[in-house]
């Protein structure tokens, strides 16, 4: 069996969709962060796949992925800090409770 | 030289007026009045001088399309200039503006509250109007046009009466809606008005000289520009801002707005829509003739049943301004001349009306004609003035209204097409309906027995009110008695426009 | 290659320099009253930096193999943004001295400067890697800034909404970018992408990629429907940050958007993203306006107003020409002074009284005529009323949008114009509250802080002069004369 | 004759109007009165001089080879619509205008003098004289107009002066509404006149400039009248609703005349106009303004002759009006209204007389001269005796303080001067020789019989009715039964002061002798003299009819007796209808108030408020509606936001995909 690009891409897309789905349906903010992480990773994966299969001669996608991972880490850090802050006030990490400002 | 051109001073003086007012104390009436009277007198003097000098130059054989032409680059990348120049029509419009600003200053002698802010916005409004009339660059024209529109909101909202907030908002939004269409039209003219290889230009004369806009675009842009200006010209069915707006505005603002600002609409219609898009004007005029024809009759009929003095006058303005646009659309020199005469006449007359209504309202605190009566007995001066204004409005010979209406009717009837002539006949019926509503008001308000005992103690006009009204009446009668020089001046100025129209058939 | 290449990034270096000075001063000074110098120092330093950037000779620099390009347009937009940030600093001077924040003001300045640095990178990036780094650098510290009022729950709610949406949008952007990468021929340089994506080879993937790119960048611009975080965040964030978000971050992103879509995807403009942008602009202007009509909280109101303004800004991107870019930069500049003018008033009043409701402005002119006056001017300018600058910027952006003469663009402009009427309505509501609504003034007379007043003066001067003086536009236009753009 | 005098004729009254109108408030009554009377006296003298010069000087300018010429004393451009449509203000001197100058200034002077006594105690005395001066100015301007447009200008001005004078007692609602009615009805008629002028001038001015019409102004009377045939040929192809355009134009112009001259159905304003001061009624609504319609037809006579259909129209309108007004006059109670209807009837007489004056040879004889001349002659005599009657009525009202004859009766003993002068007036109008009315009426009847026996017979009947109702009035006022009120102290009626008596006597004298003026020598349609000769059969018949009618009136009204009541009861329906003027007012009331005001105006106003305005409000409402509808989008849940976000991106992609691929 020949492992062509599609074999990698499909899981990546599934990851992405799972991330979106998780983000929209989960109630816990930490779970949301995990979903986001899934999405980011799927994008990273894409970069690597395309680099590996389409442009094997260059490294741009790989390098990009490294940066993206770093950024994802930073995002998570800040998000967690904010979640902690919210937890102090609401004693909850349910995303549904954070809806005071609307319309 | 920027300041060497007299036209620039028509904008500079109002700006100085603004600056002068800004330096005055909020309630220092003396200083505020001083600034206003000085500047408006200067403006009036300048306008009169301008008219005289214009006539002198024309008499001396200066046949240039526009006089005092000058152009300063403003926005280089888009070739936007501050281009000024006037022809016979513009100088008359400037004169009209000056007269009404002058009269309006006296009509709002005792404005309250916030006199300083009132005059600040008032001056800004007049800056816009002056700027509009001196510009021959579409951009600056449009800019001044909007400058003139927006102060209305505050002027009505703060100093108005009745449902002022609603009216102010409606007026502002509708006029801005019109200018939205207008702006699109102007953009179209700008981008399509120059031949390949020439820099795009906003200059009206240059665009008309190129005559480059293709017919499809012309039709589209004509509709946009004409509707855009038509909203301000109170064209049916876009006139509905006018009754409410005028009814709620303070005296001087109604005067300036109905007297001058509505003329911006008519002026723009021929200066831009008809002049620059002659082919479309020839082709599409009939649509707007129907609309404006409706305006004329419809406004007059509506005025018949109103009970609020200002509403009556506002609907009458719809009718009269409808006549302006109607005549412009007939696209011949005489009718268009009539339109300009009607602008002048209506401007003065309606300003007089609003001034008088303001004065009456200031005394009786009501504008409902059912609650007043026999004012001739109580305040004979105002009563007589009201009757004079009424006669001017219904087209009494010897008053400007007659001259204007007759020129319009005879000019419009010159149209070769039967359809147009029948519309003219329909439009002439307005002179009867006008008589009906004017006499109805005069009969109820000025004549007849005194309705309200409390009114018996009221006083007649004060000196500043007299000054304001006498100025306007003198102008009305002046035009009515000696119309020919005006008519000739205007006719001459229409030559380029009529030529453009003739070329485009 | 060499370190000398860093020397070419002068604006960034200036920001970095200020950042370092502030950072060091903050770290090595004692807490408490001793930090009083921090605010004036930062402001002065930043002011000097701004002047320096304005005075820099605008020569085209391209370093790191073309990843970073500092052309005239980039320089100009940086200079413009710098002024905006300077005004933000001035108007936040009072707020940062408040008890709650004073202790952390160093962090405030540092984070602010970092985000600005990120925006500079976005602006100058000609390679997607640099762009993404810049974008994130601009975006993430902002989350911390939004949460800066940590005693206030709203601030936290705003922050969590912001950060979650921001990360989501980064994911979308990266996803889109990965698809782009698939077509790019192995290089993420804009210019390489431009040559590799020709209009012939349209595919579903590319369309999705474009949509995701627009969504990802549109998040920062708060284009509809990617805007939903905006209102909540603007409302919850400290006012200084709200004003910063509404103008600086928007301006930088709009510029980057233009550069990316013209320089990288210019080839597929008519096939693909023209219509996406078209739809998004219409939605942005309209929805922003429709929401703004009902708002009672001025900060939230300004949020929706800024959404619709973003739509107008993006009109400049509809034509990939010099005039479009020039008008867009000009619009951003004018928008900066107008919006910040409004925010300066809102900040002053909020700092004094804590009131941000529109009702609280009833009869303001009786107690605070100057603030009323400034607010009126700002509203008029935002609504596009001459002779204030907003009119000119709107007019010019409409002019640029119609410059190709194509009918759909005329229709777009018409829709935008009709929307200006709605926007005029709600801007006038503020004016109405100030001047017309009856009743006693709810805000007592006060004298605002020097910094706020200075900010206000700058804004008012800008509102009045930017339109009447043509040099600003000419500056923008000339700056926008960069290669690769049509006239 | 220099142009100074014609200019003065117009300028003095105008100046007096301005002087008294602006400065009157500051003047004493006496000064204002004297100024007004003196000025008008001066105008009268000048007018006499001008007319005298015109008729008798023999200047070749005025009479050439025995034919009287039209002469434009001056003609200055007032307003130029186009090269071919130039409005001039000028002074046209020809037989009819010279005659009218005399009539107007005479009556006006008499009225000025009379008013001094009559209006002595009224407030606004100065204003009254100002308005009189304005009216005189306008009327003079009207008759000397050199072009139709000038005529229209002054036509409107007389309308407004009439409005001002009818509404002089402005505190009385009835006066206000009467003045309003007068103005609006005449304005309505003027509208048709304007349309007529529009049509006429359109075709004339668009005739080729190198054609026979030349490039003269299309308004000019001389040009139009001299080229009537050419004009008819020019517009020969143009028809509208199967009528020639020229016919339409002339009929429309005539409708303007119908309004001013109170022809059916536009007569309704005139009876109401009696609300004005009585001298005003004498001047405006009896002698001068109301004959403007006749004057207009006479002025345009050559053009009317070229389209005989329009003359037929004039004849029919006139005939119907004359009969109608005469019948109504028999049943009125208010003496001024009787006189008003009598005026309508007499003017209709003149109209018929013009209408029957075809310029076509009948059995080889041009009869047109007769009808035209007779009409003008009657205009002249009628002005004198009708003014006399009105002024007499004024004296009565002055004495009795009422307009109703029921409050009078037996006054001959108390007011001899009034009585005798009134009687002379009645005899004149009844057509009894040797009073002036006989001669003019005789000529008119002759013209009518010459045209068709029917018109003659019909109008003879009207003449009989005229004699009847005038003497009914006369008897009821001066005979019948003496009002017991007079016996009371302080209520004794007496003759008026000299200011009022002098005009009465003067006009009575004129009415006695005016008939002997050889009118045909002066005023004819073509300027050639026409020798008046009595047509014996016509004269005898009409005298007999008049005497019979007077006899009937004597029998019925000379003494109090039940005969009138019997007649009334014999045909109550007819009497009631006639008394209510055949319900014309009610019909108009219905049309204007119920239909136009209530249905059209109100529905338009409603439409404006609710549909047009409603549309604008609806736009705002819809905007708001959507604003509220979409607020759910901003639900506050970040997950929903993200869902929108993602869905938005996908939708964007999908739509683009569908559209492109």
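Each chain gets a letter, A, B, C and D, in the order it is written, and its residues are counted from 1.
We take it that contacts are C-beta pairs under 8 Å (C-beta built on N, C-alpha and C of every residue); 3 or more make two chains touch, one makes a residue touch a chain.
All figures in this text were calculated on a predicted structure; none of them were measured in a lab.
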| item | value |
| --- | --- |
| Contact-richer chain pair (by C-beta pairs counted) among B-C and A-D | B-C |
| Chain centroid nearest the full-protein CA centroid | B |
| Whole-Å gap separating chain B and chain C, where each centre is the average of the chain's CA atoms | 42 |
| Distance from the mean Cα position of chain B to that of chain A, given in whole angstrom | 64 |
| Inter-chain centre distance, chain A versus chain D - centres from mean C-alpha coordinates, in Å | 96 |
| Computed distance of Cα centres, chain D from chain C, in Å | 77 |
| Residues of chain A whose C-beta touches two or more other chains | 23, 32, 98, 100-103 |
| Residues within chain C bordering two or more other chains | 160-161, 164, 168, 172, 231-232, 294, 425 |
| Interface hub residues of chain B, defined as touching at least two other chains | 173 |
| Residues of chain B defined as touching chain D within the complex | 170, 173-174, 236-237, 239-241, 243-244, 298, 301-302, 304-306, 333-334, 374, 376-377, 380, 391, 394-398, 402-403, 406-407, 409-411, 413-414, 421, 424-425, 428-429, 431-432, 435-436, 439-440, 443, 446-449, 483-484, 487-488 |
| Chain C - residues contacting chain A, complex | 128-129, 132-133, 136, 140, 143-144, 147, 150, 153-154, 156-161, 163-164, 166-168, 170-172, 174-175, 177-179, 181-182, 185-188, 231-232, 235-236, 294, 300 |
| Interface residues, chain C side, partner chain B - complex | 323, 326, 365, 380, 385-387, 391, 395-396, 398-399, 402-403, 405, 410, 413-414, 417-418, 420-421, 424-425, 428, 431-432, 435-436, 470, 473-474, 477-478 |
| Chain D contact footprint on chain C (complex, rising order) | 160-161, 164-165, 168-169, 172, 202-204, 207-208, 210-212, 214-215, 219, 224-226, 228-229, 231-232, 271-272, 275-276, 279-280, 287, 290-291, 293-294, 422, 425 |
| Of all residues in chain D, those that touch chain B in their complex | 25, 77-82, 85, 87, 149, 153-154, 156-157, 160, 163, 167, 170-171, 173, 176-177, 179-180, 183-184, 187-188, 190-191, 194-195, 198-199, 201-202, 205-206, 597, 600-602, 604-605, 608, 612-613, 615-616, 620 |
